[in-house]
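First the structure, in the form of structure tokens, and then the observations on it.
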Amino acid sequence: MKENNSLFLPEIAEVVSTRQLTEMERYIELKIKDTREFNFNPGQFLQLSVFGIGEAPISISSSPFNRETIGLCVRRVGDVTSALHKLEVGACLGVRGPLGNGFPVEKMKNKDIVFVAGGLGIAPLRSLIQYVIERRDDFARITILYGAKNPGEILFADELECWKQRKDIEVLVTVDKPDENWAGKSGVITRLIPHLDLEPSRTYAVVVGPPVMYKYVLLELQIKQIPEDNIIMSLERRMKCGVGKCGHCQINGIYVCLDGPEFSYHTLKFLSEAI
Amino acid sequence: MSKPRVAFFSFSSCEGCQLVVLTLEEQLLELVTLIDIASFREAMSEKSDDYDIAFVEGSITRTSEIERLRTIRERAKIVIALGACATIGGINCLKNQFEMEEVQNIVYGKMAEKFDTIPTRPIEAVIKVDHWIHGCPIDKDEFIEVTKALLLDKKPRIPAHPVCVECQMRENVCLFEKGMVCLGPVTRAGCKAICPTYNDGCVGCRGLIEDPNLSSHKNLLNEHGLTVDEAISQYMLFGGNSKEKYE
Amino acid sequence: MKDVLIKGKDLSAFCHNLQDSFIVYGVREKEEGHFIFDEIDEFSDSLEKYKPTILPPKKYLFPQQETLLRFDTEPHLEIKSVVESKKQVLFGVRPCDIHGIGLLDKIFTSDNEDSNYLRKRADTLIIGMDCMEPCYEHAHCASVGCLDIDDGYDIMMTDIGGVFFTTVKTPQGEEIVKKYVEYTIAGEEESERFLKLRSDRKGRFDNKIETEVSNLPLFFKNADNDPVWKELDERCLGCGRCNIVCPTCYCFDVYDCMDLTMTSGERCREWDACTLKDFAAVSTGENFRSTRGLRLRHRFNRKFNYLMTKYNTSFCVGCGRCTRSCPVNIDVIETVNAVINNHNNNHERE
């Protein structure tokens, strides 16, 4: 038993850059002190500590090929995330992780990938998208669907534009409530799916968004006959420990922190508390 | 960061909750290194109208109190209800079971018409309240928790669960098991179950939890020999302001 | 070490002598008929037949509140893990509670090791006291396979009539027997008496569950829509007592507590309860188990399905504390049997 390696002991990290993305979201880039390399799988998350305030789980949003720094897209919804928003470059905070398992990237190789991101769901997906772009030849067709409530809430708009410019990626962005300057698509993200030309047997759909989004997106993907094993979702629950002990993130018999946070629809469909 | 300026105010109450603040002793000395006290009638004679945080003790039982409370709200950035009278109306709500005229006559006799009286209400019935420190009287540690949370800009850790949780953690013998009655299962915790610990049933001074199962609790009181009216009167000692919830 | 005999009248001295090296926690009667584990310096025979204590002895391994970290934010951020532990003996623990500790051992070693628990566990000796008859009406240890026990303690004592037949399980157990109590090696006659008493007791412990306990996950897997949850939703007060008194509940909340210096503080954990309203609520407003019935369903599934499936053993040890403590008489056995019967009745109807 390694006592000084307590499950609950965070490492110290330093804020190296910050960027306000929208009114509610801020991008924070960290570097863990005393660690030369930080390795993680897309879809894994960190427990971030602002001492005196508390700890909160945040998914990693940066490329796994960047082993120097870690990027996080933090939405201001509670005490810890509000405190994170106030951190300036040079400030220190606590980090535990990477936690969870991440997306099953090996299984997805040579497949067509459809990303379905609702709102803040783009945060963990951005890490996977960057992975897929870096290893572009390992994957077949790439489609990115992104839906936001309104144009002002679109995250990483510049990057979406860059991805859109590429010939080997299809990017579709929609907003629920367009304003007068919005020239793009409008309506909920689910509406983008029927128009896609998908080959079900070789397609993986990766879906991350608010809880309410899942059941509608799932229905559309099932209409498209995407196999249940190939629909991957990342779930969010109340989480305290992040290491399978505290019980808060449990959905029926599974722990989001330990067994997820990514699950196939095949795993979730028999869990009455999942979706 | 400049120290926030804090003021204490009394409305209809015994001022016992402010007395609890004074009994913090050493911790109070540490606290005053973090805050400046602008007004605190029970502790000092100076007073000032320049404050950021207002702790308001007492319920609102007279028309003149409404205006005074609104002024406090205008001046303060943060208003905290201090103690049961301010948070839920408290014992003072007992008078709401009578006609106001009757109350005036009983209390003031011949002088009745010189003193107006209105049905008792908690301060949130008059102004917006930012935080609540429950109890009759308040719990010292909860006062410190709220004050620290304000300084740290975070939500205070105030329990949403019922008294039973704290009572059971202290390994008390449940009063129901001893044939007594208790409002613990429907009352907000934070008091460390002090009454049941000393063999007194909880009387609900901290108010109801958010989703009390009152019908099941009422059945429980009935099983322990209370009539429906007696059960309701249990709730009414402190909860008179939300009578409709119990019926 | 061979089985030994310890005279009943020597137990108090045993307890007392152990204090040279350990803090000794044993049973004391808090109020008439209500028992608790507490620091003791002697053992009274009258406690031999105690009913389950209000809280199980897990509180000495996984306390109600516990510090996990200490931190300073000035002059620069420093964090230290905190593991508080001292040598302790739990004296007179019942088989159900020993089973309960055994299950917590599994939980806190599986997947990720929890050093706060494991360090306390390593510093703890358990002196068990076997049960020859049911201790009260709510006990159902035999129904969940938790009466017989052959592991998880250092020594186990069985009253065979004025004298305790004592099985020594571990080297630490052997050490305390040799050092702190007068004993004799058990003869053949006493061994036989012990075995006979053990086999005779079987008839006194009824099986209260209407199926083999190992079948329960199958019934619970199919019981999400059982009407029993609706009925319990109306009755349950959501008070959390069943969680708090349970020997195998281990859910907790984590929070920071700043000192009044505002530059240093602690991170602590505190028992939490899955039957409380906010247990599965997130900061964006969703509550994934929004009713008392759903939360109670979750609690029963933890005991008889989820953890049982993962670890292949019942997570109810049959102490009956939840039934005893429930103000509105929600009975664990009645509920389990309702799930079984509703399932079977559905089959008949279909």
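We call the chains A, B and C, going by the order they appear; numbering starts again at 1 in every chain.
As a working rule, a contact is a pair of C-beta atoms (placed from the backbone, for glycine too) under 8 Å apart; a residue touches a chain by one contact, two chains touch by 3 or more.
Keep in mind that what you see is a predicted model, and the values were worked out from it rather than measured.
Taking each chain's centre as the mean of its CA atoms, A is the chain most distant from chain B.
In this view the innermost chain, defined by its CA centroid being closest to the centroid of all protein CA atoms, is C.
Distance between chain centres (mean CA atoms), chain A to chain B: 44 Å. Measuring from the averaged C-alpha position of chain A to that of chain C gives a distance of 39 Å. A separation of 37 Å divides the Cα centre of chain B from that of chain C.
Counting partner chains per residue, chain B shows two or more touched chains at residues 152. Multi-chain contact residues of chain C, defined as those touching 2 or more other chains: 255, 258, 262.
Shown for chain A are the residues that touch two or more other chains, namely 52-54, 78. Here chain B touches chain C in the complex through residues 27, 30-31, 34, 144, 148, 151-152, 157, 160-162, 164-165, 168-169, 171-174, 176-178, 184-186, 209-211, 213, 215-217, 219-220, going by the rule given at the top. Listing the residues of chain C that touch chain A in their complex gives 68-69, 71, 73, 76-77, 79-81, 83, 107-108, 110-116, 118-119, 122, 224, 250-256, 258, 262, 265, 267, 269, 272, 274, 279-284, 286, 288-289, 294, 298, 301, 305-306, 309-310.
On chain A, the positions that touch chain B within their shared complex are 52-54, 78-79, 82-83.
Within the complex, the chain B residues that touch chain A are 152-155.
On chain A, the positions that touch chain C within their shared complex are 1-10, 12, 49, 51-55, 77-78, 92-94, 210-211, 236-238, 240-241, 243-248, 250-253, 258, 272-273.
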